[in-house]
Amino acid sequence: MASTKGIAAGLVKNIMKYIVEGGGFDRLLEKVSIVSAGEGRCLAEMVVEDKHLNRGGSMHGGFTALLVDTITTVALMTDGKGVPGVSVNMNINYLKPAFPGEEILIDAKTKRVGKTMAFLDVDVKKKVSGDLIATGSHVKFIG
Amino acid sequence: MASTKGIAAGLVKNIMKYIVEGGGFDRLLEKVSIVSAGEGRCLAEMVVEDKHLNRGGSMHGGFTALLVDTITTVALMTDGKGVPGVSVNMNINYLKPAFPGEEILIDAKTKRVGKTMAFLDVDVKKKVSGDLIATGSHVKFIG
Amino acid sequence: MASTKGIAAGLVKNIMKYIVEGGGFDRLLEKVSIVSAGEGRCLAEMVVEDKHLNRGGSMHGGFTALLVDTITTVALMTDGKGVPGVSVNMNINYLKPAFPGEEILIDAKTKRVGKTMAFLDVDVKKKVSGDLIATGSHVKFIG
Amino acid sequence: MASTKGIAAGLVKNIMKYIVEGGGFDRLLEKVSIVSAGEGRCLAEMVVEDKHLNRGGSMHGGFTALLVDTITTVALMTDGKGVPGVSVNMNINYLKPAFPGEEILIDAKTKRVGKTMAFLDVDVKKKVSGDLIATGSHVKFIG
(Lines give C-alpha, C1' and ligand atoms only; values in the text may rest on other atoms or scores of the structure.)
Protein backbone atom coordinates (compact mmCIF):
# COMPACT_ATOMS: atom_id res chain seq x y z
CA MET A 1 0.00 0.00 0.00
CA ALA A 2 2.87 2.34 0.65
CA SER A 3 4.98 1.61 -2.41
CA THR A 4 5.95 4.39 -4.79
CA LYS A 5 6.86 4.19 -8.45
CA GLY A 6 9.06 6.29 -10.66
CA ILE A 7 11.01 8.04 -7.95
CA ALA A 8 12.16 6.74 -4.61
CA ALA A 9 9.30 6.11 -2.19
CA GLY A 10 11.19 7.81 0.59
CA LEU A 11 11.55 10.95 -1.44
CA VAL A 12 7.81 11.39 -2.00
CA LYS A 13 7.05 10.55 1.64
CA ASN A 14 9.58 13.22 2.54
CA ILE A 15 7.95 15.77 0.21
CA MET A 16 4.56 15.13 1.83
CA LYS A 17 6.08 15.24 5.33
CA TYR A 18 7.85 18.48 4.44
CA ILE A 19 4.60 20.00 3.16
CA VAL A 20 2.42 18.90 6.09
CA GLU A 21 4.88 19.73 8.87
CA GLY A 22 5.50 23.30 7.75
CA GLY A 23 2.81 24.65 10.06
CA GLY A 24 0.95 26.28 7.17
CA PHE A 25 -2.44 25.38 5.76
CA ASP A 26 -1.22 21.97 4.56
CA ARG A 27 -1.04 20.84 8.20
CA LEU A 28 -4.69 19.92 7.63
CA LEU A 29 -3.57 17.07 5.38
CA GLU A 30 -1.79 15.28 8.23
CA LYS A 31 -4.04 12.24 7.80
CA VAL A 32 -3.32 11.86 4.08
CA SER A 33 -1.06 8.93 3.08
CA ILE A 34 0.78 8.63 -0.20
CA VAL A 35 -0.11 5.27 -1.78
CA SER A 36 2.17 5.62 -4.80
CA ALA A 37 3.86 8.42 -6.69
CA GLY A 38 6.22 9.07 -9.55
CA GLU A 39 6.43 10.12 -13.20
CA GLY A 40 4.01 12.97 -12.72
CA ARG A 41 1.44 10.99 -10.80
CA CYS A 42 0.41 10.82 -7.16
CA LEU A 43 -2.16 8.55 -5.55
CA ALA A 44 -3.07 9.36 -1.95
CA GLU A 45 -5.67 8.11 0.51
CA MET A 46 -7.34 9.16 3.72
CA VAL A 47 -10.41 8.59 5.87
CA VAL A 48 -12.98 11.38 6.12
CA GLU A 49 -13.32 12.68 9.67
CA ASP A 50 -15.65 15.15 11.40
CA LYS A 51 -13.10 17.93 11.07
CA HIS A 52 -13.29 17.73 7.27
CA LEU A 53 -17.04 18.33 7.11
CA ASN A 54 -19.31 21.19 6.17
CA ARG A 55 -22.39 22.08 8.20
CA GLY A 56 -24.41 19.68 6.08
CA GLY A 57 -22.39 16.75 7.44
CA SER A 58 -20.47 15.79 4.28
CA MET A 59 -16.86 16.48 3.26
CA HIS A 60 -16.37 20.25 2.81
CA GLY A 61 -15.87 21.43 -0.77
CA GLY A 62 -13.08 23.64 0.51
CA PHE A 63 -11.29 20.62 1.94
CA THR A 64 -11.73 18.82 -1.39
CA ALA A 65 -10.11 21.88 -3.00
CA LEU A 66 -7.17 21.64 -0.59
CA LEU A 67 -6.74 17.96 -1.55
CA VAL A 68 -6.89 18.86 -5.25
CA ASP A 69 -4.39 21.70 -4.88
CA THR A 70 -1.80 19.87 -2.82
CA ILE A 71 -1.93 16.34 -4.26
CA THR A 72 -1.69 17.64 -7.85
CA THR A 73 1.30 19.71 -6.70
CA VAL A 74 2.99 16.61 -5.28
CA ALA A 75 2.27 14.82 -8.59
CA LEU A 76 3.90 17.70 -10.46
CA MET A 77 6.95 17.55 -8.20
CA THR A 78 7.53 13.90 -9.19
CA ASP A 79 7.75 14.97 -12.81
CA GLY A 80 11.09 15.72 -14.45
CA LYS A 81 11.41 19.34 -13.41
CA GLY A 82 10.64 18.68 -9.75
CA VAL A 83 9.16 22.13 -9.14
CA PRO A 84 5.90 22.94 -7.30
CA GLY A 85 4.94 25.85 -9.58
CA VAL A 86 2.45 28.61 -8.81
CA SER A 87 -1.34 28.17 -9.16
CA VAL A 88 -3.01 29.91 -12.10
CA ASN A 89 -6.39 28.17 -12.25
CA MET A 90 -8.17 25.46 -10.31
CA ASN A 91 -11.50 24.02 -11.40
CA ILE A 92 -13.48 21.46 -9.42
CA ASN A 93 -16.68 19.58 -10.16
CA TYR A 94 -18.53 18.08 -7.21
CA LEU A 95 -20.20 14.81 -8.18
CA LYS A 96 -21.17 13.07 -4.93
CA PRO A 97 -20.88 13.72 -1.19
CA ALA A 98 -18.44 11.82 1.05
CA PHE A 99 -19.24 11.04 4.66
CA PRO A 100 -17.32 10.52 7.92
CA GLY A 101 -15.60 7.15 8.10
CA GLU A 102 -15.38 6.73 4.33
CA GLU A 103 -11.99 5.93 2.83
CA ILE A 104 -11.22 8.11 -0.16
CA LEU A 105 -8.56 8.09 -2.86
CA ILE A 106 -7.04 11.18 -4.46
CA ASP A 107 -5.57 10.30 -7.85
CA ALA A 108 -3.62 13.14 -9.50
CA LYS A 109 -2.01 13.01 -12.95
CA THR A 110 0.17 15.40 -14.87
CA LYS A 111 -1.41 15.93 -18.28
CA ARG A 112 1.33 18.19 -19.67
CA VAL A 113 4.44 19.95 -18.48
CA GLY A 114 5.55 22.57 -20.97
CA LYS A 115 8.23 25.21 -20.70
CA THR A 116 6.09 27.59 -18.66
CA MET A 117 2.79 25.87 -17.86
CA ALA A 118 1.84 22.58 -16.23
CA PHE A 119 -1.62 20.99 -16.46
CA LEU A 120 -2.86 18.47 -13.91
CA ASP A 121 -6.06 16.49 -13.45
CA VAL A 122 -7.42 14.74 -10.42
CA ASP A 123 -10.14 12.32 -9.44
CA VAL A 124 -11.31 12.12 -5.83
CA LYS A 125 -13.23 8.91 -5.27
CA LYS A 126 -14.52 6.43 -2.73
CA LYS A 127 -12.08 3.59 -2.18
CA VAL A 128 -14.66 0.84 -1.75
CA SER A 129 -17.21 1.68 -4.46
CA GLY A 130 -14.98 3.66 -6.81
CA ASP A 131 -17.72 6.33 -6.98
CA LEU A 132 -16.37 9.75 -7.93
CA ILE A 133 -16.69 12.46 -5.29
CA ALA A 134 -15.02 15.19 -7.34
CA THR A 135 -13.01 15.74 -10.50
CA GLY A 136 -10.74 18.69 -10.98
CA SER A 137 -7.99 20.35 -12.95
CA HIS A 138 -5.13 22.53 -11.79
CA VAL A 139 -3.06 24.79 -14.03
CA LYS A 140 0.30 25.96 -12.67
CA PHE A 141 2.94 28.38 -13.89
CA ILE A 142 6.37 26.80 -13.76
CA GLY A 143 8.37 29.20 -15.96
CA MET B 1 -17.35 48.53 9.28
CA ALA B 2 -19.57 45.92 10.84
CA SER B 3 -22.87 47.04 9.40
CA THR B 4 -24.95 44.70 7.28
CA LYS B 5 -27.49 45.56 4.62
CA GLY B 6 -30.56 43.80 3.38
CA ILE B 7 -31.00 41.44 6.28
CA ALA B 8 -30.33 42.04 9.95
CA ALA B 9 -26.64 42.33 10.78
CA GLY B 10 -27.05 40.05 13.72
CA LEU B 11 -28.50 37.32 11.58
CA VAL B 12 -25.51 37.17 9.23
CA LYS B 13 -23.09 37.29 12.15
CA ASN B 14 -25.02 34.37 13.56
CA ILE B 15 -24.83 32.44 10.30
CA MET B 16 -21.05 32.89 10.23
CA LYS B 17 -20.74 31.99 13.92
CA TYR B 18 -22.89 28.91 13.34
CA ILE B 19 -20.70 27.85 10.41
CA VAL B 20 -17.36 28.42 12.12
CA GLU B 21 -18.26 26.93 15.48
CA GLY B 22 -19.53 23.64 14.10
CA GLY B 23 -16.14 21.99 14.54
CA GLY B 24 -15.94 21.09 10.85
CA PHE B 25 -13.57 22.43 8.24
CA ASP B 26 -15.04 25.94 8.47
CA ARG B 27 -13.44 26.29 11.93
CA LEU B 28 -10.42 27.49 9.91
CA LEU B 29 -12.34 30.66 9.07
CA GLU B 30 -12.47 31.75 12.72
CA LYS B 31 -10.55 34.93 11.91
CA VAL B 32 -12.88 36.02 9.13
CA SER B 33 -15.19 38.97 9.92
CA ILE B 34 -18.34 39.84 8.03
CA VAL B 35 -18.13 43.50 6.94
CA SER B 36 -21.56 43.63 5.34
CA ALA B 37 -24.08 41.21 3.94
CA GLY B 38 -27.53 41.03 2.46
CA GLU B 39 -29.48 40.75 -0.77
CA GLY B 40 -27.28 37.97 -2.08
CA ARG B 41 -24.01 39.66 -1.25
CA CYS B 42 -21.39 39.12 1.45
CA LEU B 43 -18.25 41.16 2.08
CA ALA B 44 -15.79 39.69 4.58
CA GLU B 45 -12.29 40.53 5.72
CA MET B 46 -9.36 38.94 7.50
CA VAL B 47 -5.62 39.23 8.03
CA VAL B 48 -3.39 36.57 6.46
CA GLU B 49 -1.48 34.60 9.09
CA ASP B 50 1.26 31.96 8.98
CA LYS B 51 -1.28 29.18 9.34
CA HIS B 52 -2.89 30.15 6.01
CA LEU B 53 0.30 29.79 3.99
CA ASN B 54 1.72 27.29 1.54
CA ARG B 55 5.34 26.17 1.65
CA GLY B 56 6.26 29.06 -0.63
CA GLY B 57 5.27 31.54 2.08
CA SER B 58 2.14 33.01 0.48
CA MET B 59 -1.56 32.37 1.14
CA HIS B 60 -2.39 28.77 0.22
CA GLY B 61 -4.57 28.31 -2.87
CA GLY B 62 -6.54 25.73 -0.91
CA PHE B 63 -7.30 28.30 1.76
CA THR B 64 -8.39 30.76 -0.93
CA ALA B 65 -10.72 28.02 -2.18
CA LEU B 66 -12.18 27.62 1.32
CA LEU B 67 -12.82 31.38 1.44
CA VAL B 68 -14.46 31.26 -1.99
CA ASP B 69 -16.63 28.29 -1.07
CA THR B 70 -17.87 29.52 2.28
CA ILE B 71 -18.25 33.27 1.70
CA THR B 72 -20.20 32.71 -1.54
CA THR B 73 -22.40 30.31 0.42
CA VAL B 74 -23.07 32.96 3.08
CA ALA B 75 -23.89 35.41 0.26
CA LEU B 76 -26.36 32.90 -1.18
CA MET B 77 -27.98 32.44 2.24
CA THR B 78 -28.77 36.17 2.41
CA ASP B 79 -30.74 35.85 -0.82
CA GLY B 80 -34.48 35.28 -0.82
CA LYS B 81 -34.46 31.51 -0.51
CA GLY B 82 -32.03 31.43 2.40
CA VAL B 83 -30.62 28.01 1.53
CA PRO B 84 -26.92 27.04 1.42
CA GLY B 85 -27.29 24.71 -1.59
CA VAL B 86 -24.86 21.98 -2.66
CA SER B 87 -21.67 22.67 -4.64
CA VAL B 88 -21.67 21.66 -8.29
CA ASN B 89 -18.65 23.56 -9.65
CA MET B 90 -16.04 25.93 -8.27
CA ASN B 91 -13.53 27.72 -10.49
CA ILE B 92 -10.74 29.93 -9.18
CA ASN B 93 -8.16 32.08 -10.94
CA TYR B 94 -5.07 33.04 -8.95
CA LEU B 95 -3.89 36.53 -9.91
CA LYS B 96 -1.42 37.60 -7.23
CA PRO B 97 0.05 36.19 -4.00
CA ALA B 98 -0.97 37.47 -0.55
CA PHE B 99 1.48 37.53 2.34
CA PRO B 100 1.33 37.28 6.14
CA GLY B 101 0.08 40.45 7.77
CA GLU B 102 -1.86 41.62 4.73
CA GLU B 103 -5.51 42.53 5.19
CA ILE B 104 -7.71 40.96 2.55
CA LEU B 105 -11.32 41.38 1.48
CA ILE B 106 -13.57 38.62 0.19
CA ASP B 107 -16.41 40.09 -1.86
CA ALA B 108 -19.05 37.56 -2.93
CA LYS B 109 -22.07 38.30 -5.11
CA THR B 110 -25.02 36.25 -6.23
CA LYS B 111 -25.28 36.50 -10.01
CA ARG B 112 -28.44 34.44 -10.37
CA VAL B 113 -30.72 32.32 -8.26
CA GLY B 114 -32.97 30.20 -10.42
CA LYS B 115 -35.37 27.44 -9.47
CA THR B 116 -32.65 24.80 -9.21
CA MET B 117 -29.26 26.48 -9.71
CA ALA B 118 -27.49 29.43 -8.07
CA PHE B 119 -24.47 31.20 -9.57
CA LEU B 120 -22.06 33.22 -7.45
CA ASP B 121 -18.92 35.22 -8.16
CA VAL B 122 -16.21 36.37 -5.82
CA ASP B 123 -13.22 38.69 -5.78
CA VAL B 124 -10.49 38.21 -3.18
CA LYS B 125 -8.37 41.34 -2.94
CA LYS B 126 -5.91 43.29 -0.85
CA LYS B 127 -7.67 45.84 1.33
CA VAL B 128 -5.04 48.56 1.04
CA SER B 129 -4.11 48.42 -2.64
CA GLY B 130 -7.27 46.85 -4.02
CA ASP B 131 -5.08 44.42 -5.99
CA LEU B 132 -6.89 41.22 -6.88
CA ILE B 133 -5.52 38.03 -5.31
CA ALA B 134 -8.08 35.70 -6.85
CA THR B 135 -11.36 35.69 -8.73
CA GLY B 136 -13.74 32.79 -8.67
CA SER B 137 -17.17 31.44 -9.41
CA HIS B 138 -19.27 28.93 -7.53
CA VAL B 139 -22.26 27.05 -8.94
CA LYS B 140 -24.63 25.46 -6.45
CA PHE B 141 -27.65 23.22 -6.75
CA ILE B 142 -30.57 24.54 -4.70
CA GLY B 143 -33.49 22.58 -6.17
CA MET C 1 -13.53 3.24 -38.00
CA ALA C 2 -17.26 3.71 -38.06
CA SER C 3 -18.29 1.09 -35.54
CA THR C 4 -20.21 2.08 -32.45
CA LYS C 5 -20.55 0.27 -29.16
CA GLY C 6 -23.31 0.17 -26.61
CA ILE C 7 -26.05 1.52 -28.79
CA ALA C 8 -26.68 0.97 -32.48
CA ALA C 9 -24.10 2.66 -34.71
CA GLY C 10 -26.79 3.99 -36.95
CA LEU C 11 -28.51 5.71 -34.07
CA VAL C 12 -25.46 7.76 -33.05
CA LYS C 13 -24.72 8.64 -36.67
CA ASN C 14 -28.29 9.83 -36.87
CA ILE C 15 -27.96 11.92 -33.71
CA MET C 16 -24.86 13.62 -35.13
CA LYS C 17 -26.52 14.10 -38.53
CA TYR C 18 -29.61 15.54 -36.82
CA ILE C 19 -27.44 17.95 -34.82
CA VAL C 20 -25.28 19.12 -37.73
CA GLU C 21 -28.04 19.45 -40.29
CA GLY C 22 -30.28 21.64 -38.13
CA GLY C 23 -28.84 24.83 -39.65
CA GLY C 24 -27.79 26.11 -36.21
CA PHE C 25 -24.28 26.62 -34.87
CA ASP C 26 -23.54 22.89 -34.95
CA ARG C 27 -23.45 23.06 -38.76
CA LEU C 28 -19.79 23.96 -38.22
CA LEU C 29 -19.14 20.39 -37.10
CA GLU C 30 -20.02 18.99 -40.53
CA LYS C 31 -16.55 17.49 -40.90
CA VAL C 32 -16.63 15.65 -37.58
CA SER C 33 -17.02 11.85 -37.79
CA ILE C 34 -18.17 9.62 -34.97
CA VAL C 35 -15.60 6.84 -34.48
CA SER C 36 -17.44 5.03 -31.74
CA ALA C 37 -20.13 5.82 -29.21
CA GLY C 38 -22.24 4.24 -26.52
CA GLU C 39 -22.63 3.80 -22.76
CA GLY C 40 -22.02 7.46 -22.06
CA ARG C 41 -18.97 7.78 -24.29
CA CYS C 42 -18.34 9.34 -27.68
CA LEU C 43 -15.11 9.29 -29.69
CA ALA C 44 -15.06 11.56 -32.74
CA GLU C 45 -12.41 12.65 -35.23
CA MET C 46 -11.79 15.38 -37.77
CA VAL C 47 -9.04 17.12 -39.71
CA VAL C 48 -8.24 20.73 -38.81
CA GLU C 49 -8.91 23.11 -41.72
CA ASP C 50 -8.28 26.80 -42.33
CA LYS C 51 -11.83 27.67 -41.37
CA HIS C 52 -11.24 26.37 -37.83
CA LEU C 53 -8.28 28.65 -37.13
CA ASN C 54 -7.67 31.77 -35.11
CA ARG C 55 -5.63 34.70 -36.46
CA GLY C 56 -2.48 33.08 -35.08
CA GLY C 57 -2.90 30.16 -37.48
CA SER C 58 -3.81 27.41 -34.98
CA MET C 59 -7.17 25.85 -34.12
CA HIS C 60 -9.43 28.48 -32.51
CA GLY C 61 -10.12 28.02 -28.81
CA GLY C 62 -13.75 28.84 -29.55
CA PHE C 63 -13.92 25.97 -32.03
CA THR C 64 -12.35 23.67 -29.42
CA ALA C 65 -15.12 24.82 -27.07
CA LEU C 66 -17.75 23.92 -29.68
CA LEU C 67 -16.21 20.44 -30.00
CA VAL C 68 -16.20 20.04 -26.21
CA ASP C 69 -19.80 21.20 -25.87
CA THR C 70 -21.32 19.11 -28.64
CA ILE C 71 -19.32 15.86 -28.39
CA THR C 72 -19.85 15.64 -24.62
CA THR C 73 -23.56 16.18 -25.29
CA VAL C 74 -23.60 13.30 -27.80
CA ALA C 75 -21.79 11.16 -25.19
CA LEU C 76 -24.46 12.04 -22.64
CA MET C 77 -27.21 11.13 -25.11
CA THR C 78 -25.82 7.60 -25.41
CA ASP C 79 -26.24 7.17 -21.66
CA GLY C 80 -29.32 5.58 -20.16
CA LYS C 81 -31.50 8.68 -20.00
CA GLY C 82 -30.83 9.71 -23.60
CA VAL C 83 -31.33 13.42 -22.91
CA PRO C 84 -29.09 16.28 -24.10
CA GLY C 85 -29.48 18.37 -20.93
CA VAL C 86 -28.78 22.09 -20.53
CA SER C 87 -25.27 23.51 -20.00
CA VAL C 88 -24.45 24.78 -16.52
CA ASN C 89 -20.64 25.03 -16.65
CA MET C 90 -17.93 24.36 -19.20
CA ASN C 91 -14.24 24.52 -18.33
CA ILE C 92 -11.43 24.06 -20.86
CA ASN C 93 -7.66 23.91 -20.48
CA TYR C 94 -5.58 24.58 -23.59
CA LEU C 95 -2.42 22.45 -23.59
CA LYS C 96 -1.02 22.59 -27.12
CA PRO C 97 -1.93 24.18 -30.45
CA ALA C 98 -3.29 22.15 -33.39
CA PHE C 99 -2.54 23.09 -36.99
CA PRO C 100 -4.24 22.78 -40.39
CA GLY C 101 -4.03 19.27 -41.80
CA GLU C 102 -3.68 17.60 -38.42
CA GLU C 103 -6.06 14.79 -37.56
CA ILE C 104 -7.56 15.20 -34.11
CA LEU C 105 -9.61 13.00 -31.80
CA ILE C 106 -12.31 14.19 -29.42
CA ASP C 107 -12.84 11.66 -26.64
CA ALA C 108 -15.80 12.43 -24.36
CA LYS C 109 -16.81 10.42 -21.30
CA THR C 110 -19.71 10.63 -18.90
CA LYS C 111 -18.32 10.73 -15.36
CA ARG C 112 -21.67 10.76 -13.58
CA VAL C 113 -25.33 11.00 -14.40
CA GLY C 114 -27.36 11.77 -11.30
CA LYS C 115 -31.01 12.62 -10.93
CA THR C 116 -30.55 16.26 -11.89
CA MET C 117 -26.91 16.79 -12.92
CA ALA C 118 -24.59 15.14 -15.45
CA PHE C 119 -20.80 15.52 -15.43
CA LEU C 120 -18.71 14.93 -18.55
CA ASP C 121 -15.00 15.07 -19.32
CA VAL C 122 -13.24 15.32 -22.64
CA ASP C 123 -9.75 15.04 -24.09
CA VAL C 124 -8.98 16.63 -27.45
CA LYS C 125 -5.77 15.18 -28.86
CA LYS C 126 -3.65 14.66 -31.94
CA LYS C 127 -4.38 11.33 -33.59
CA VAL C 128 -0.83 10.54 -34.64
CA SER C 129 1.18 11.61 -31.59
CA GLY C 130 -1.52 11.35 -28.95
CA ASP C 131 -0.47 14.79 -27.67
CA LEU C 132 -3.24 16.56 -25.78
CA ILE C 133 -4.56 19.76 -27.36
CA ALA C 134 -7.16 20.46 -24.70
CA THR C 135 -8.89 18.88 -21.73
CA GLY C 136 -12.28 19.97 -20.53
CA SER C 137 -15.30 19.30 -18.38
CA HIS C 138 -18.96 20.00 -19.01
CA VAL C 139 -21.67 20.08 -16.37
CA LYS C 140 -25.27 19.79 -17.56
CA PHE C 141 -28.64 20.02 -15.87
CA ILE C 142 -30.84 17.06 -16.80
CA GLY C 143 -33.57 17.25 -14.13
CA MET D 1 -23.28 53.73 -29.60
CA ALA D 2 -20.14 53.26 -31.65
CA SER D 3 -17.78 55.38 -29.61
CA THR D 4 -14.65 53.89 -28.14
CA LYS D 5 -12.66 54.97 -25.11
CA GLY D 6 -9.03 54.65 -24.22
CA ILE D 7 -7.70 53.95 -27.68
CA ALA D 8 -8.91 55.29 -30.99
CA ALA D 9 -12.32 53.94 -32.02
CA GLY D 10 -11.08 53.26 -35.49
CA LEU D 11 -8.26 51.09 -34.20
CA VAL D 12 -10.56 48.72 -32.29
CA LYS D 13 -12.97 48.55 -35.24
CA ASN D 14 -9.98 47.62 -37.34
CA ILE D 15 -8.88 44.92 -34.90
CA MET D 16 -12.37 43.38 -35.02
CA LYS D 17 -12.51 43.70 -38.82
CA TYR D 18 -9.06 42.10 -39.08
CA ILE D 19 -10.16 39.22 -36.84
CA VAL D 20 -13.48 38.57 -38.56
CA GLU D 21 -12.27 38.89 -42.14
CA GLY D 22 -9.41 36.42 -41.77
CA GLY D 23 -11.55 33.56 -43.04
CA GLY D 24 -10.93 31.54 -39.87
CA PHE D 25 -13.42 30.60 -37.18
CA ASP D 26 -13.92 34.23 -36.14
CA ARG D 27 -15.80 34.82 -39.41
CA LEU D 28 -18.81 33.64 -37.39
CA LEU D 29 -18.68 36.87 -35.41
CA GLU D 30 -19.44 38.98 -38.47
CA LYS D 31 -22.61 40.33 -36.87
CA VAL D 32 -20.88 41.48 -33.69
CA SER D 33 -20.44 45.26 -33.27
CA ILE D 34 -18.00 46.92 -30.94
CA VAL D 35 -19.89 49.41 -28.76
CA SER D 36 -16.86 50.72 -26.88
CA ALA D 37 -13.35 49.56 -26.12
CA GLY D 38 -10.14 50.67 -24.48
CA GLU D 39 -8.03 50.36 -21.33
CA GLY D 40 -8.44 46.61 -21.20
CA ARG D 41 -12.16 46.61 -21.74
CA CYS D 42 -14.41 45.73 -24.68
CA LEU D 43 -18.17 46.01 -24.89
CA ALA D 44 -19.78 44.41 -27.95
CA GLU D 45 -23.33 43.71 -29.07
CA MET D 46 -25.22 41.54 -31.51
CA VAL D 47 -28.64 40.08 -32.25
CA VAL D 48 -29.10 36.33 -31.83
CA GLU D 49 -30.00 34.63 -35.12
CA ASP D 50 -31.04 31.11 -36.10
CA LYS D 51 -27.50 30.25 -37.12
CA HIS D 52 -26.30 30.77 -33.53
CA LEU D 53 -28.68 28.23 -32.02
CA ASN D 54 -28.45 24.73 -30.65
CA ARG D 55 -31.02 22.06 -31.43
CA GLY D 56 -33.04 23.19 -28.44
CA GLY D 57 -33.67 26.56 -30.10
CA SER D 58 -31.56 28.77 -27.83
CA MET D 59 -28.11 30.32 -28.34
CA HIS D 60 -25.50 27.53 -28.57
CA GLY D 61 -23.12 27.26 -25.61
CA GLY D 62 -20.31 26.81 -28.11
CA PHE D 63 -21.19 30.13 -29.73
CA THR D 64 -21.24 31.76 -26.29
CA ALA D 65 -17.74 30.32 -25.80
CA LEU D 66 -16.59 31.85 -29.10
CA LEU D 67 -17.93 35.25 -27.94
CA VAL D 68 -16.14 34.86 -24.59
CA ASP D 69 -12.87 33.84 -26.23
CA THR D 70 -12.72 36.54 -28.89
CA ILE D 71 -14.22 39.55 -27.09
CA THR D 72 -11.96 39.02 -24.05
CA THR D 73 -9.03 38.83 -26.48
CA VAL D 74 -10.01 42.14 -28.07
CA ALA D 75 -10.28 43.62 -24.55
CA LEU D 76 -6.77 42.38 -23.78
CA MET D 77 -5.45 43.90 -27.00
CA THR D 78 -6.65 47.34 -25.88
CA ASP D 79 -4.51 47.03 -22.77
CA GLY D 80 -1.01 48.41 -22.61
CA LYS D 81 0.84 45.47 -24.14
CA GLY D 82 -1.47 45.17 -27.13
CA VAL D 83 -0.92 41.43 -27.52
CA PRO D 84 -3.61 38.76 -28.07
CA GLY D 85 -1.85 36.09 -25.96
CA VAL D 86 -2.49 32.34 -26.04
CA SER D 87 -5.41 30.66 -24.23
CA VAL D 88 -4.58 28.67 -21.11
CA ASN D 89 -8.00 28.26 -19.49
CA MET D 90 -11.55 29.30 -20.26
CA ASN D 91 -14.41 28.80 -17.81
CA ILE D 92 -18.05 29.58 -18.58
CA ASN D 93 -21.18 29.46 -16.46
CA TYR D 94 -24.50 29.33 -18.28
CA LEU D 95 -27.18 31.25 -16.37
CA LYS D 96 -30.08 31.76 -18.77
CA PRO D 97 -30.91 30.93 -22.39
CA ALA D 98 -30.99 33.57 -25.15
CA PHE D 99 -33.40 33.34 -28.06
CA PRO D 100 -33.50 34.43 -31.72
CA GLY D 101 -34.13 38.13 -32.14
CA GLU D 102 -32.77 39.07 -28.72
CA GLU D 103 -30.13 41.76 -28.52
CA ILE D 104 -27.22 40.74 -26.34
CA LEU D 105 -24.23 42.54 -24.86
CA ILE D 106 -20.79 41.02 -24.36
CA ASP D 107 -18.88 42.97 -21.69
CA ALA D 108 -15.23 41.90 -21.27
CA LYS D 109 -12.81 43.30 -18.70
CA THR D 110 -9.14 42.76 -18.05
CA LYS D 111 -8.71 41.86 -14.37
CA ARG D 112 -4.92 41.66 -14.41
CA VAL D 113 -2.09 41.77 -16.90
CA GLY D 114 1.12 40.51 -15.35
CA LYS D 115 4.47 39.76 -16.95
CA THR D 116 3.41 36.36 -18.27
CA MET D 117 -0.29 35.88 -17.54
CA ALA D 118 -3.43 37.89 -18.30
CA PHE D 119 -6.79 37.33 -16.58
CA LEU D 120 -10.07 38.43 -18.15
CA ASP D 121 -13.71 38.25 -17.10
CA VAL D 122 -16.84 38.59 -19.17
CA ASP D 123 -20.57 38.98 -18.73
CA VAL D 124 -22.92 38.08 -21.58
CA LYS D 125 -26.33 39.61 -20.98
CA LYS D 126 -29.63 40.63 -22.52
CA LYS D 127 -29.59 44.25 -23.61
CA VAL D 128 -33.19 45.05 -22.70
CA SER D 129 -33.58 43.29 -19.34
CA GLY D 130 -29.93 43.16 -18.28
CA ASP D 131 -30.43 39.48 -17.40
CA LEU D 132 -27.20 37.50 -17.44
CA ILE D 133 -26.94 34.77 -20.07
CA ALA D 134 -23.43 33.66 -19.15
CA THR D 135 -20.43 34.69 -17.08
CA GLY D 136 -16.93 33.57 -17.85
CA SER D 137 -13.23 33.95 -17.30
CA HIS D 138 -10.33 33.57 -19.70
CA VAL D 139 -6.69 33.11 -18.71
CA LYS D 140 -4.08 33.82 -21.38
CA PHE D 141 -0.33 33.41 -21.55
CA ILE D 142 1.32 36.58 -22.78
CA GLY D 143 4.96 35.97 -21.81
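Each chain carries a letter (A, B, C and D) given by its place in the written order, and its residues are counted from 1.
The rule is short, and it goes like this: a residue touches a chain if its C-beta (ideal position, glycine included) is under 8 Å from a C-beta of that chain, and two chains touch if they have at least 3 such contacts.
Note that the structure is a prediction, hence the values are computed from the model and not measured.
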Chain whose average C-alpha position is farthest from chain B's own: C
Winner on C-beta contact pairs when A-B is weighed against B-D: A-B
Whole-Å gap between the CA centroids of chain B and chain D: 28
Interchain centroid distance [CA atoms averaged], chain B/chain C, Å: 35
Rounded Å distance, chain A centre to chain B centre (Cα mean): 23
Contacts with 2+ other chains: residues of chain B: 88-89, 91, 93, 139
Topology of the chain contact graph, where touching chains are joined (line, ring, star, complete, other): complete
Chain A partner contacts - residues on chain B that touch it in the complex: 18-19, 22-28, 50-56, 60-63, 65-70, 84, 86-94, 97
Of chain B, residues touching chain C in the complex: 88-89, 91, 116-117, 139, 141, 143
Complex contact set, residues of chain C against chain A: 89, 91, 93, 95-96, 111-112, 114, 119, 121, 132, 135, 137, 139
